[in-house]
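Please find the structures below.
In the two complexes that follow, chain A is the common piece, with chain B as its partner first and chain C second.
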Partner chain A sequence: MSVQSPTADGLPAAPAGTAGPRDRARARVSARGIALVLYIVFLMLPIYWMVNMSLKTNAEILSGLTLYPRNPTLQNYVTIFTDPSWYSGYLNSIHYVALNTVISLVVALPAAYAFSRYRFLGDRHMFFWLLTNRMAPPAVFLLPFFQLYSTIGLFDTHIAVALAHCLFNVPLAVWILEGFMSGVPREIDETAAMDGYGFPRFFLTVFLPLIRSGIGVTAFFCFMFSWVELLLARTLTSVNAKPIAATMTRTVSAAGMDWGLLAAAGVLTIVPGALVIWFVRNYIAKGFALGRV
Partner chain B sequence: MDKPWNNRAWLLVLPVVAIVAFSAILPLMTVVNYSVQDIFGPGQAYWVGTEWYRKVLEDERLRDALLRQMLYSLAVLAIEIPLGVAIALCMPSGKGWRTSLTLVLLALPLLIPWNVVGTIWQIFARGDIGLGGAALQRLGLDYNYTGDPLDAWLTVLAMDVWHWTSLVALLAYAGLQAIPPAFYQAAKIDGASRWSVFRYIQLPKMRGVLIIAVLLRFMDSFMIYTEPFVLTGGGPGNATTFLSQFLTRMAVGQFDLGVAAAFSIIYFLIVLLFSYVFYTFITKVGTGDAR
Partner chain C sequence: MTLRLEDVSKRVGAALHLDGISLALEPGSFNVLLGRTLAGKTSLLRLMAGLDKPTGGRILEDGRDVTGVPAGRRDVAMVYQQFINYPSFTVYENIASPLRRQGLGRDEIDRRVRGTAAMLHIEGLLDRLPGQLSGGQQQRTAIARALVKGARLLLLDEPLVNLDYKLREELRAELRQLFRDTGTIVVYATTEPAEALIMGGNTAVLHEGRLIQHGPTAEVYGQPVTADCAAIFSDPPMNFLDAILSDDRLMLGDGTALPLAAHDRGLPPGPCRVGIRANHLSVVRPNDMAVAIRARVELAEISGSETFIHVGHAGVPLVAQEHGVHPHQIGETIALYVDPTRIFVFAPDGTLQAAPARVPQRRRGVA
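Then we have the complex of A and B:
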């Protein structure tokens, strides 16, 4: 019996031989394709509408619906890139997101190794406790965070937001990394030990390169959840470390909403995410399963 | 494969414990303090015991918010999980550009800051300047998400589906990709129908990732705040005021510290309870690797 390769959608091809089932299979495949395209159109429409609006003047936005800008203008983007109070928002966001990603990875890597390799007193409780922090509603921590960081003089600094975001990013990082590390056979550890590698040297030069993709995926997730969070970031900052997402509320003024500017700022917040996704696109599927498929 | 018992592993976990203790236990203790005291100012705190808790539990607005929250989270799960699985089944496999493009486009909404998600939908759903809102009105529907509670609720739901179904789809897709082709060939030899392939091969293989999906979607929808805050501000009336928003309004808006803290504890305990149920569930079903 000849082995047929799966069709484009990963499902078995219809049995060959008769024309009927094959045609039906092809029709079914294209029906799937259409459904997928429709869903992606649904995803893209609101984003397109924002891009569309960011290229219009406010007068054009308010004068009526047009499916594309009649007089495309980059004025909204120029405003953002020339006004420090606007573009510093982006720099602040990128600053604390990067800090948070680094902190999360550095503390999570050894812990994930411990969870994936050893059993120790209270390990399961510990793991569960970590996960509950990923599930704690940020709103619960709003007030205490504000007071804690004010008391120790970290209010309105990038490190404050980075530390606050560790609340949900560190547990997540441990969880994902543990999944990837468990996929590495333990014989590797034993061989390295026999070859005379000490733990730090083994960990840094042998083990970490083996879970490169896992580290990449984890960094991606830390970036993602820190980048999209607003509630804590906004509460812990006022001027110096204010995130772009909070800056956007400025577009509401006495003169009404500055829709064009708001849309342009929104479009620019999508760009870093889109770039990061492009870089990790080959690991995305496995990464989203947290390394456990 | 049994892991060796070694308590020195604690040393490796220590940094995580330190940092999470700083950002979780310390603040949580502050909340506990507030919830059992009446605080007038620095040094002027009075023990009130369970008074705040009783007040919270008797509050009807809270019960309404909790009910709304439950209903919302259930609706989110009921729509996003089947839809996400369906999308994953439609996705192309292999390493071609089509797969890459689909993955990137699907993941895009997940990387948009949550308040921008609110903004996008605000712009999209408005009747005067929004494509979606205008289209619905053109169809003769009396759609107005700022005035009509049901429209507002449905808009927030649509926004959540738009925002998060991709996560479910990507998880389910990862599960599907892990199925060896031999399974499909065996099914074909047995003459299995499309439905039985799904029911007896694909669904069981997706079980692990789907549990993660349900867990993440339930937790995140249970603490949703930013998106409805930007889109509807919780209104009209209280139609889209969910628990987190109710809490922030109480803590920051009215500065009812004691009540807000007691509420925080109850809120956290509810989440903890669900987490525990899910966690034991996950530990039971997996073969130990999915703990």
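Then we have the complex of A and C:
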């Protein structure tokens, strides 16, 4: 539609210089739009800058401010995917994170079921105590874990890191899963018992499908914690199970800092988290609604 | 199977939910468990099913003590007030699940699932998930699952309460047919006297965790052993008036004298309580013996073709149920007729002293 004169809209002709209601509405919309754009720019700037850097050469990064790569190069990524000292970091991280997620879920599912369905002595206190495990900073457990694992020969293994992370992830997993399980009516359990289901079959074929969104959310949080946790993972490993984050902090070589490579490694570290978030995005909202996430 | 409860009690913390219940249920019998909310109906059903353990007493199936046996190892099915189905299974799989656990063959399962679904008119919904069904259809699925396994004890805990009026009437009529000639003990818990009367069979009246009366429904309705029982088994609840009984008449609190009818002649004189069902308190004079009492209209509720007139008489609230629509002004004083042949006489402690003779079938309204 072409704007003709104000009278064509059925409005009296406004004298020049005063804004009509329509103009004011338009001004408000654009103010909101600008605020939104600025917000997103600020939010995305660090990520953009990292992607930007990862596509530049070290020479370009150090030569001055460029808003986009003048000579885009994938050399940094090629290095990461071909150099075992780099890609083994990713493999190690994925290895212990996956182990940890599986162990946390397998341990937490029966525990959460018990908290949700049975009343026993001190159940409420124990449930709260689980959560307090997350209140201690991981550094507190550094020394005991290190000494214990060194003694029993678990040092520098994937399972060592996975088990250490369980200390934080199992309580969280129990907490989240209990919320989802309590949303399933107890009568379903009873009906299944009367229908002749044994407990294992009921749990696997009837109950688990009902809380699959809860399992998704729980797996996501276990994954996230284990993926970003650096202190324990770095201390409990040296070579064979060294996580990617640890590899990244040790890139200062005699030739100086390899900026482009570091940025590329950073980009690749974000990718798995982003992928997992994409898969559970709908369930997370449900978890928030339950007040358990 | 015969189910016997012997002096069964259930205590939760300090609260006594069930107090010394003894009850024998015959094979093939239809038993209504009637009681108000919190009377202990659900607690009792859960004990019968084996979902909970009684804190006292024994439960016997065919003389075998099953008191501590869990529900999974008893031959029992239950329908809950909420619509309980397996949400991730289709309707077909829901109904088939007890049969699959019994290890029946595929053809046998298919035949029985389709047969039961047809009885409950859900044969067209077998491929749907319970979440895609209406409340009535969900409850039909739950009932089908309970019926299909042919358990010898079938418990229904207010199965129609969460349905709308029309569906409830429809399903109620069907249920009675479904349970005929199955040899199964059916226990049907409800708060509604009308439901008990329509379903027939036996009725057990439960009040505050105690079993007050158990017997054929018509008998319990016609001869309630206590005033509490009569109040629970009347809707609206039975009207009670204090009176003094003498040799030739009943003197109500406000001085109205009722002549004695055949059934309450010869009772010991003294104070008593007169019980009148709402449908026997009327604005039109039913016969020559009827006596008028003055009452002030507090509310006239019109429900379909019935009018419930709530009145105050000498400080006592009464309800009269009338056929047809009767407009009344609030505050208006009207005459209500009490038919002496239709009154119950209770002792001051509430035990029944005299009940009217059985109402001829044609006049018996659903109270």
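Simple rule for what comes next: the second predicted complex is superposed on the first by the 249 of 293 C-alpha atoms of A that agree within 3 Å, B and C clash if a C-alpha of one lies under 4 Å from a C-alpha of the other, contacts with A are read in each partner's own complex, and residues count from 1 in each chain.
Criterion: contacts are C-beta pairs under 8 Å (C-beta built on N, C-alpha and C of every residue); 3 or more make two chains touch, one makes a residue touch a chain.
Because the structure is a prediction, the values reported are computed rather than measured.
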| item | value |
| --- | --- |
| Residue contacts on chain A - larger count, chain B or chain C | B |
| Partner chain in contact with A:P209 - chain B first, chain C second, else both or neither | second |
| Partner chain(s) touched by A:E190 [first = chain B, second = chain C, both, neither] | second |
| First, second, both or neither for A:R124, with chain B first and chain C second | first |
| Chain B to chain A touching residues, read off their complex | 1, 3-10, 12-13, 15-20, 22-24, 26-28, 30-31, 34, 86-87, 89-95, 98, 100, 102-116, 119-121, 123-124, 128-132, 134, 162, 166-167, 170-171, 173-178, 181, 184-185, 187-189, 197, 208-209, 212, 219, 222-223, 225-226, 243-245, 247-248, 251-252, 257, 260-261, 264, 267-268, 271-272, 275-276, 279, 283, 289-291 |
| Complex contact set, residues of chain A against chain B | 1, 3-4, 6, 8-12, 15, 32-33, 35-36, 39-40, 42-47, 49-50, 53, 61-62, 65, 67, 103, 106-108, 110-111, 113-115, 117-121, 123-124, 126-128, 130-145, 147-148, 163-164, 166-167, 170-171, 174, 182, 186, 224, 227-231, 244-245, 248, 259, 262-263, 266, 269-270, 272-274, 276-278, 281-282, 284-286, 288-290, 292-293 |
| Chain C to chain A touching residues, read off their complex | 49, 51, 70-72, 74, 76-78, 80, 82, 84, 86-89, 97-98, 101-102, 145, 149, 151 |
| Chain A to chain C touching residues, read off their complex | 185, 187-188, 190-198, 206, 209-210 |
